[in-house]
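One chain, chain A, appears in both complexes that follow, with chain B as partner in the first and chain C in the second.
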Partner chain A sequence: MPLFVVTPLAATFLIMIVGRFVKDFNKYYTSLTLLFLVIISFSCLFNIGENVDVYKVGGWQPINKIPIGIYMVMDGFSAIVVCIINLIGFLVAIYSISYIKRYTSENYFYALFCLMIAGMNGVVLSGDLFNIFVFLEISVISAYSLVAFGVEKNELEASFKYQVLGSIASFLILFGIGFIYWKTKTLNIADIREAFKTGYDKSFYLFVQLLILSGFGLKAAIMPFHAWLPDAHSSAPSPISAMLSGVFIKAVGIYVIIRLFFNMFVITESMAILITTLGTLSMVIGVFLAIGQWDIKRLLAYHSISQMGYVMLSIGIGMILISRGVKQEVAALAIAGGIFHLINHAAFKGLLFLNAGAIEYTIGTRNLKEMGGLAKSMPATSATSFVASMSISGIPPFNGFFSKLIIIVAAITAKFYLLAALAVIVSIITLASFLKFQRYAFYDKSDEDKRPEAKEVPYPMIFSMIVLSIVCLLLSLLAVPVVRDAVLTPAINILMDPLKYSSQIIGL
Partner chain B sequence: MEGMTIIVKKTTQLIAGMIFMYGIYVIAHGHLTPGGGFAGGVIIAGAFILITLAFGSDFFKLVKEEMGTTMVESIATIIVVLIGSAGFLLGTKIFFNNYLPKGIVGDLVSAGTLPLYNIFVGMEVAASIFIIFLSLIIFKEESLK
Partner chain C sequence: MIAYILCFILFLVGLYGAVTQRNLVKIAISLSVMEFSTFLFFALLGYIDGGVAPIVNPAEPARIYVDPLPQALVLTAIVIGLATTALLMAVIIRLYRKYGTFDIREMKNLRG
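Showing the complex of A and B:
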């Protein structure tokens, strides 16, 4: 299991040394490393089942059942997220082979990219609160420098904004971890759960929860904390935007929030209602901010906020039901919808950012008003972006439909009619804004003579986009009960039953 | 760049070596006393920074130094990764396993792999802090041109 962290970490520094002397070493080595990680992550996903796999770094065994070393934990939920990270990372690495040629110092790009992957894998696999913070900083700091990779005015401004807000978030998280350590005398997530179960001071508990929620909420760009996201995601090089938007905000934001609030804290109703409200807010406001944008990457970035709102909303519904202790099967359905939408969003938002990068690569602009008629000259980009747009707006054969359907059905059966109605309306507005994207970018036939010449992008880029669009279609299969039982159900069970998580880790 | 006055240069010549030795002392006793790789590395970087500040350096030499320091940093880090992975490769299947003999508590050569980690972490920290300093002055020289 630690291979997920060690391999990309070693790749980073090998690239820095060997890449200086051997041309083209960096791109092929990065792709090979990530291909290897994809293979082992999928084998983990299919082998893990209902088990919880614990790895004690350095071989430190617990003394009197008190864990003293750093634990790495792999269960159904983290296996899914690790698969997403490495799959999208692999496709992005292949895409970068042609895309990143126009920048100088490719070595630094690939080295930072591997470092970011190592950090994210570490966050997802860590079973230790402080270790989460360390890996979080590794991945976030490489993300800062990757956002500023173009070294132009806009990029530097976006990166600076991101750094300021990111540092505030890190401060809040560290503060929260410090408080938890002070009260419970341990940093292991499962052990903290045991300590919290025996009783706690209520105001202290609320304060810590708010610190953790706002810290990781800043990383995940939930509504009141979203200010950095549109700038950072639109100024980064396109493969990195796909990584940041498709994977990064999930791995270091949503994943940690879900993991900590389900498996570490005891779920309280007030916190569940707060999370639902924040999710609804970001879902609704994000889409209204998105529809007016003319810069394609900004439009996609605002949609990320809105789609993350869906995930938070359904997770929040699940939490409310669990805390009230009613309708556990509906709660399971809501959580299933949230995780399913999280997987889907990685696929289609990554694909959309890669499409935006392809358009920018060919005609050199991100403004929708200056494009048009690209459907004829760039058939592969046009077709794949059609798939992605239909997925994100929830049109039946594609994956987005099924996850949104599950979320809406869960909301209705839990009697949250207003939330269900809002989810439908937001979905329709999403469809409208993506029809706008399709029309202005690909099908607009007016003023054809004034437009710049366009031709199809190189093969590595086409390969990544086509594979991702096939993934978009295949993910619909997760709605089929057999596949869902194999992949999603272990993740839901581990979240629904925190006792199982903690008992398997510290062996009570 | 010409560097500073003769007083500063002479004092630096006297002090820099001592600072360097002290850094090595902190690194070498990392497993016995407070301090270790990180603290000692910062002290060693301080010695280099002092020399560069006092004696000045021209632009092309700086760029060359920056290249070399980056190499040292990357090599040191990769050795740390290798030492960590060695436990995995040497049969126990556990990363960061302390596979060397532990020795007597309090001896300079004891505690298995810990002194090795300290030495290479020290190299890495010294190199990276020196790189930060070098890139700042390289940037200043570039903007002056």
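Showing the complex of A and C:
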């Protein structure tokens, strides 16, 4: 398990040193590293099952059942997220081989990219609160610099905005960690859970939860904290936008929120309602902001906010039901829908940003009004972006349909009819805005004569896009009960039964 | 208790600066103030009145020691804060070269 952090971290330094002397070392080494990580992450996913795997950094054994070392924990849920990170990371690395030629200093790009992967893997696998913060900062600092990679006016401005808000988020998180340490005198998530179980001060508890939620909510761009996301995601180089939007906001934002609120805090109803409300707000407002955009990457970035709203919404419904202690199977269904949508969003939003990058690579603009008629000259891009657009708007048989269906069914059976209706309406508006994207980018014939120079992008880029679109189709299989039991159910069980998580880790 | 309140006031001073200042460098300084109030809070967490540095000498009788863990956390956080500040200043210098000013009101390419 430590390989997930060590390999990309080693790659960072190797690229900086060896890449200086050996030409093309950086791109192939990055791809190889990530291919290796993809293989071991999938083998972990299929082997982990219901178990919880603990690695104690430095071999510090617990004394009297009190954990003193830093724990790294792999369970069903983190295995899924690690798989997403490394799979999307691998495809993006392949894509970058051609794309990043436009920029100078490729070494820095690949080094920062590996650093970001290392940080995200660390966040997801960490079982220690402060360790989460450290890995979060590693990945966030490399994300800041990757956003500013173009060093033009827009990139720098976006990066500055992101850094200011990101730093404030980090301080809030640090304050929250400090308060938790003050009360519980431990930093291990499972151990904190044991301390909270025995009783807690109501107002203190609420304060800490709000600090943690707003800190990680800022990193995940939940609605009132979303201001940095469209700028940062549209200014970054396209492969990095795919990483940031497809994986980054989930790994350091949503994943940590879910993990801490289910496995560390005792779920309270007021917090659950707050999370549901925030999710609904970002789902609705995100899509309305998206529909008026003419810059493709900004449009996609606003849709990220909206789709993250879906995940938060269904997780919140699950939390409400758990805190009320009723209809546990519906709660499980809602959480399944949330996790499923999280996986799907990584696949199709990553693909959409890669498509946007391919369009920008070929015709050099991101403005939808200046495009049109690209369907003939770029068949692969057009076909894959069609798959992704249909997935995100929830058209069967693509994956987005099934996860949205599960979320809506869970909302209806839990008697949240308003939320279910809103989810359907937002899905229709999403479809409308992606039809606009398809029409203006690929099918509008008026401009066709003007673009004899438009031609298909190089093969590595096509390869990544096609693999991702196949992944989009294959993920529909997760709705099949047999596959769902193998992949999603362990993750749901670990979230639904927090005592299992903490007792297994403390017991080891 | 008074130390905790002062630490919180320091955090609010930093937040006020980050929100109201229009100069990029002053925003960076405000962020640093916030950062250091957080570090101060951590240092206070581990402090025990009359405690000494936790270097255990078996020959001596047991004494009150301060909690060493927050100190370790603060050291880590300071290093991280250094990296963040350095990167922020690098971006500010680049922005100054592009715009010729530190005024944040002049930089509004990204809207909507």
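What we mean here is this: the second predicted complex is superposed on the first by the 501 of 508 C-alpha atoms of A that agree within 3 Å, B and C clash if a C-alpha of one lies under 4 Å from a C-alpha of the other, contacts with A are read in each partner's own complex, and residues count from 1 in each chain.
Here is the rule we go by: a contact is a pair of C-beta atoms (placed from the backbone, for glycine too) under 8 Å apart; a residue touches a chain by one contact, two chains touch by 3 or more.
Fair warning: this is a prediction, and the values are worked out from it, not measured in the lab.
**Q** In the superposed arrangement, does A:167 touch chain B (first), chain C (second), both or neither?
**A** second
**Q** Which partner does A:57 contact after superposing on A: first (chain B), second (chain C), both, neither?
**A** In the superposition, A:57 touches chain B alone.
**Q** Quick one: is A:409 in contact with chain B, with chain C, with both, or with neither? Answer first, second, both or neither.
**A** The answer is neither, since A:409 touches no partner chain.
**Q** Going by the contact rule set out at the top, does A:158 touch chain B (first), chain C (second), both, or neither?
**A** second
**Q** Taking the superposition as given, does A:395 touch the first partner, chain B, the second, chain C, both, or neither?
**A** neither
**Q** Would you check which partner chain A:496 touches, where first means chain B only, second means chain C only, and both and neither mean what they say?
**A** Neither partner.
**Q** Per the overlay, which chain contacts more chain A residues, chain B or chain C?
**A** Touching more of chain A: C.
**Q** If you stack the two complexes on chain A, which partner ends up touching A:141: first (chain B), second (chain C), both, or neither?
**A** second
**Q** Once the structures are superposed on A, label A:2 by its partner contacts, choosing first (chain B), second (chain C), both or neither.
**A** After superposing on A, A:2 lies in contact with chain B but is clear of chain C.
**Q** Can you list the residues of chain A that meet both chain B and chain C?
**A** No residue of chain A touches both chain B and chain C.
**Q** Looking at the complex, which residues from chain A come into contact with chain C?
**A** My answer: residues 130, 133-134, 137, 141, 144-145, 148, 151-154, 156-161, 163-164, 167-168, 170-171, 174-175, 178, 181-182, 187, 230-231, 235, 292-293, 298.
**Q** If we count contacts the way the header does, which residues on chain A are in touch with chain B in the complex?
**A** 2, 6, 9-10, 13-14, 16-17, 20, 56-59
**Q** Could you please specify the touching residues of chain C with respect to chain A in the complex?
**A** Chain C residues touching chain A: 11, 15, 18, 24, 27, 31, 34-35, 38, 41-42, 45, 69-70, 73, 76-77, 80, 83-84, 87-88, 91-92, 94-95, 98-99, 107, 109-110, 112.
**Q** Within their complex, state which residues of chain B touch chain A.
**A** 70-71, 74-75, 77-78, 81, 84-85, 87-88, 92, 94-98
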